[in-house]
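All remarks here apply to the structure that follows.
By letter and in written order, the chains are A, B and C; residue numbering begins at 1 in each of them.
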Amino acid sequence: MPELRLHPDRMLTADPSTRAVARRLYATVADAPIVSPHGHVDPALFVTNRPFANPAELFITPDHYVTRLLHSLGVGLDALGLDPSDPAADRRAGARTGPAVPALAPGPTAAQDARSRAAWRELARVYPKLAGTPVRYWLDDQLAGVFGLEEQPSEANADAQYDELSAKLALPEFSPRRLLARSGIDVLATTDAPADDLGAHQALALHPGVRAAVVPTFRADRYFDPSEAGWPASLEALAEASGIDTSTYRGVVAALRDRRQYFARHGATSTDSGVVDAWAVPLDEGAAEGIHRRALSGPISEADATAYRRNMLYRMAEMSADDGLVMQLHAGVLRNHHAATFDRFGPDTGHDLPVSTEFTRPLQTLLNHFGTNPAFRLVLFTVDETSFARDIAPLAGFYPSVFVGAPWWFLDTPDAMRRFREAATDSAGFYKTSGFIDDTRALCSIGARHDLSRRIDAGHLASLVVRHQLTEDEATVIAVDLVDSIPTSTFRLEDARSRP
Amino acid sequence: MPELRLHPDRMLTADPSTRAVARRLYATVADAPIVSPHGHVDPALFVTNRPFANPAELFITPDHYVTRLLHSLGVGLDALGLDPSDPAADRRAGARTGPAVPALAPGPTAAQDARSRAAWRELARVYPKLAGTPVRYWLDDQLAGVFGLEEQPSEANADAQYDELSAKLALPEFSPRRLLARSGIDVLATTDAPADDLGAHQALALHPGVRAAVVPTFRADRYFDPSEAGWPASLEALAEASGIDTSTYRGVVAALRDRRQYFARHGATSTDSGVVDAWAVPLDEGAAEGIHRRALSGPISEADATAYRRNMLYRMAEMSADDGLVMQLHAGVLRNHHAATFDRFGPDTGHDLPVSTEFTRPLQTLLNHFGTNPAFRLVLFTVDETSFARDIAPLAGFYPSVFVGAPWWFLDTPDAMRRFREAATDSAGFYKTSGFIDDTRALCSIGARHDLSRRIDAGHLASLVVRHQLTEDEATVIAVDLVDSIPTSTFRLEDARSRP
Amino acid sequence: MPELRLHPDRMLTADPSTRAVARRLYATVADAPIVSPHGHVDPALFVTNRPFANPAELFITPDHYVTRLLHSLGVGLDALGLDPSDPAADRRAGARTGPAVPALAPGPTAAQDARSRAAWRELARVYPKLAGTPVRYWLDDQLAGVFGLEEQPSEANADAQYDELSAKLALPEFSPRRLLARSGIDVLATTDAPADDLGAHQALALHPGVRAAVVPTFRADRYFDPSEAGWPASLEALAEASGIDTSTYRGVVAALRDRRQYFARHGATSTDSGVVDAWAVPLDEGAAEGIHRRALSGPISEADATAYRRNMLYRMAEMSADDGLVMQLHAGVLRNHHAATFDRFGPDTGHDLPVSTEFTRPLQTLLNHFGTNPAFRLVLFTVDETSFARDIAPLAGFYPSVFVGAPWWFLDTPDAMRRFREAATDSAGFYKTSGFIDDTRALCSIGARHDLSRRIDAGHLASLVVRHQLTEDEATVIAVDLVDSIPTSTFRLEDARSRP
């Protein structure tokens, strides 16, 4: 049976002389607190603190990084516990359109447990085929490092490990709050709808059992595309939350502005936008109002929908230049590629896919208006890594407002993180990069993901030391800054981190 | 005189600790049989078993990888033996439009020998300038490893080496069949026109002197673009082969479907399509029939030609979902860039060139229809390597039908193969990649190409072992799978490999 | 205080066995003369030989590589000495539209010195944040290697270092001519407007104190876009210089042809074009004449401007095929991204930014007409590195006229130069690459930039030796050729280098 062991030097460069330096650099940051400025953990987890019922609920069902890989190896999503009637799927959908604190699932029934066990068996069966992927690396790290497993999952041990993990998850020390604490998380940013009342965040801010600052992030994407099915309902929710009539474009903008302030008062320091392209093009109010009106009364053209979206992205920047919320821009993802999967299982089920992405031209107008405004800050994320060296690092190497977002999603992997450093440092240095983001729904993987990032950065810095581009003293300062002052200042988290 | 020596550790990583692991991994696969699921060797070579007349005929004239580099260094293609009146050029063209078993060249005349010798001299003269290219690596490997040369080709030794190689090629042990056998080839897929009667394959299937399974691949590209000069003649050939009237679009589709079954009965397990872009867009039958009819009576618009091609690509997928032939898609090559060279020397003469290529959007319709169909399988090849991490690996990391095609053509080189593994493994692992393909017309280079791929993969796997991402036991299993079960199952070659 | 030390092995690979080889390879070229076939140093510097007044004038103000990074870290360009009223800014603008030998600035006044000192302080303050960038590497190299500083610039030592450097710059051994000589520059190509009388070049050709060949490069970009504000004035200057009426398109072409010959007579061997895309599309004379006429009388459409530009690029190739001047093509830069900065500080102020760039399709017509013409030579430069492996190296791997331009601007950095070699060698080898270009306005950085390139190439070649792809003897020959015969022959500088 293949054993599961975490080597202390894992992911630190092969060359022994470089590794010796990397090991020292890594040691200086291995236990540093985690600043997680972008992710998708449900804050209600920590309010209710309901234990995870079984390992499938913790490691598989909510994590589309895992389910997409298993699906690619021939495992049906239904066999992994995804189902429209599954509360976990509801929660995922809820994170986009549902109430602020979704109703949590009741305790597991026998049928649910059988399904979860079957999902775990599928993971165990294909575990060897995950070799080399970051998903496998993160799972190894959690299973061995957090739960003390000593064997790789396999068909032979699937039931035994399922039972062992289920038993551990029932213990207080593996409750959501304790998992949060043991990860060393200092700041955890969530992603939240504008109409969210942030009740969970408010509860957590006062909660003696939660040391971490759990801060919301304002994500208004659902107001970008008036041709989406959920748009009218979202408008209503926004009107209700803000007390502002959202039947006009002007009203939507006013309501969003109002809710940004509400978010800021409850700890938010940034917004996020996920878009298929980075074009930000202002419309005059009449034109925007016209599209808004037409969309309320029926289908609109694709050109109208695109123009409306690109204008809204521009308005997000305009508001950021006013209120100082850091603007995160995650561009280049085509959502819901496979219609049948979307229809059956909903969004965020593993078939959001990267497309070719540019920033230099699409952001020119936006940056001409706000790029040198000291209040404005823009963090650019891509899943088309050709844009790191070509677009993003050169933009961040001129505009004081622009920062290079860490490699994300398909790119938060060992080799891609190394390529990112090599592509971005040349043009923008270390101090115009954002610090690592984990972007995860999978609470327990946060520690593993940040740890991996620290190991890769230590190796990269060590390579600069060994080739005499930096002294080791300089590299040590940078290694610490990358996990501390850089994410803190990039995302304006100074206040969040200084609370008692 | 620079000597020619093959170091046993060649191409295995620089770092000594990694190399030690790589050496062991490589040793486990160094002598494994070769599965070659995609290439362009003429099967008639093994039927007639006529010896190669001289080294130019074996190493230079038929291999556009070689001729393009020499041309780029100022050597005219005519000086390399290419000529419309040259039987080798006929054979090349024949592989696309000619009869199933082209007439082979008669024995060399003095004039032909003088021309071949001159071509060899040109290669020898510029040999130092090929340093660092894969062409040079493959040639070194063949000249030293197969033919026992001990000096690099040079102007000084050109005539002597030409004579020595010519003499060896006349020996039985260097006949086409013996070269095939000594390469350790277990399966050799060729590329064949739909109208081909597969006579050579039939002869070889029964031939006691040929152990390898030589299987055809169905390549219907000539039916994709009705604006190509050869289209009407191709239609006629197809009608004759299938006995189905091809004067209508419906007829062409029926005839292609018929010929796919013929190919399958004669051992084919896959099809291939080489297209300038990957868009697959179904037309309704009336529209397709209209373009077909217009094309039969005169020139058609570029838009019509494109729509017809993209529909045909879609129909190939549709048929694969029916008959289970694996669909290979080689996208992103602009054929025949230099018109004067094409006019004089024909196709496949070194100026097919890569263009920017995407897959995520172009294949969305196709994958929505067939992507989760268990009968369907799609192997995606690109020469724009930005699409590995951005498009292909993410698609293969969700759709069970999609596999990441090995780096190909401009990318089947040491550094590009390493970059491929680093770009694809993150999103898709090893088990959604296709296994190596050599894509060559140059029989004798097959062994060298597969050997290089095994060395690079051994080095890559070793780097994962040394950084503790995999155990050496796991890496050993993967190294073996990459040359055995992975290509066998990806291309559905189980039957071909199990014949007695 | 962090010390400033140049390690002799800096930038030579981490792996000790590779480094040992790299060290020997580097040693063979470390002191070889510099051939600089493309750059932007003002030749008048060496005619007047006026000393640099202070380190800001040498290291900061004229170098947009430096100012953009400082700007990105929040330092205003005005704080760095850039100003429309600044003679340095005039000189920069002058290099594009001004007289051949611009009037040089008077000696520093107290106010100018205070401003320069403040600029130096800003650089010193943010120096630690430049860690890892090539700008930092080049500055370290110059400050320690040329000026003997032993501490990194910092807020604490800013004034002392400013004074020390200013004092040294007043010494004869740091005059422009002596800096040129001590860099070991054998050929220095400048970039010059067609109407330039090349007076500085003529003076230098006869000057006993200047050993280097300072040769002009013909850059006609200002005649490409008739919608640019300066176009009419440029036409007048051209008419005056050539004695040919430039009020017609035909006249412009004739005048450019005439000036190319003037340039060739004064030592030019190449032309340069910097364009946002590489499309070269001939217009018939009537169409070109029509756009020309419309542009003289008022604003023209963007489509007209684009068509005119693409035709002019084609005409440059046509003329090169006639007169044998090597055609340099620097494609893919969007100039003057930030309008407010352009309006205040002029061009070349750090916000020219890369955009996605292709070559295979855009150059097809041009290469069909001239690609195999022995008189024609085309060196392709990109700042979108995806085009190295996809477009440029494959083009250079077929067309004898095409050479792969060295990594440039955002890509002349350690990691990007390594990636370049790995991407280009596979398809094109070493001998179809151009040799390094420094592309700099910053005289004193030329030595540091070429030295860095030699170190990276030594490391790359060493890695090929250690993995047994090349012998060390072969690698040594290539290392020498890369700095000597390759740039000399690519840019046809044989005559320039053989003058007594």
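Note that in this section contacts are C-beta pairs under 8 Å (C-beta built on N, C-alpha and C of every residue); 3 or more make two chains touch, one makes a residue touch a chain.
The structure displayed is predicted, hence computed values, not measured ones.
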Tell me whether chain A and chain C, two copies of the same sequence, contact each other through the same residue numbers or different ones, using over half shared as the line for same.
different
Between 0 and 180 degrees and rounded to the nearest 5, what angle rotates chain B's CA atoms onto those of chain C?
120
Mind checking the centre-to-centre distance between chain A and chain C? Centres are C-alpha means, answer in whole Å.
41
Per-residue multi-chain contacts in chain C, two or more chains
13, 15, 356, 386
Please name which positions on chain A make contact with chain B in the complex.
2, 7, 9-16, 68-69, 71-74, 128-134, 136-137, 334, 337-341, 350-351, 353-356, 383-386, 410-411, 413-416, 419
Could you pull out which chain B residues touch chain A in their complex?
13, 15, 17-18, 356, 358, 360-361, 364, 367-368, 371-372, 386, 389-391, 393-400, 402, 422-423, 425-432, 463-464, 466-471, 473-474, 477-478
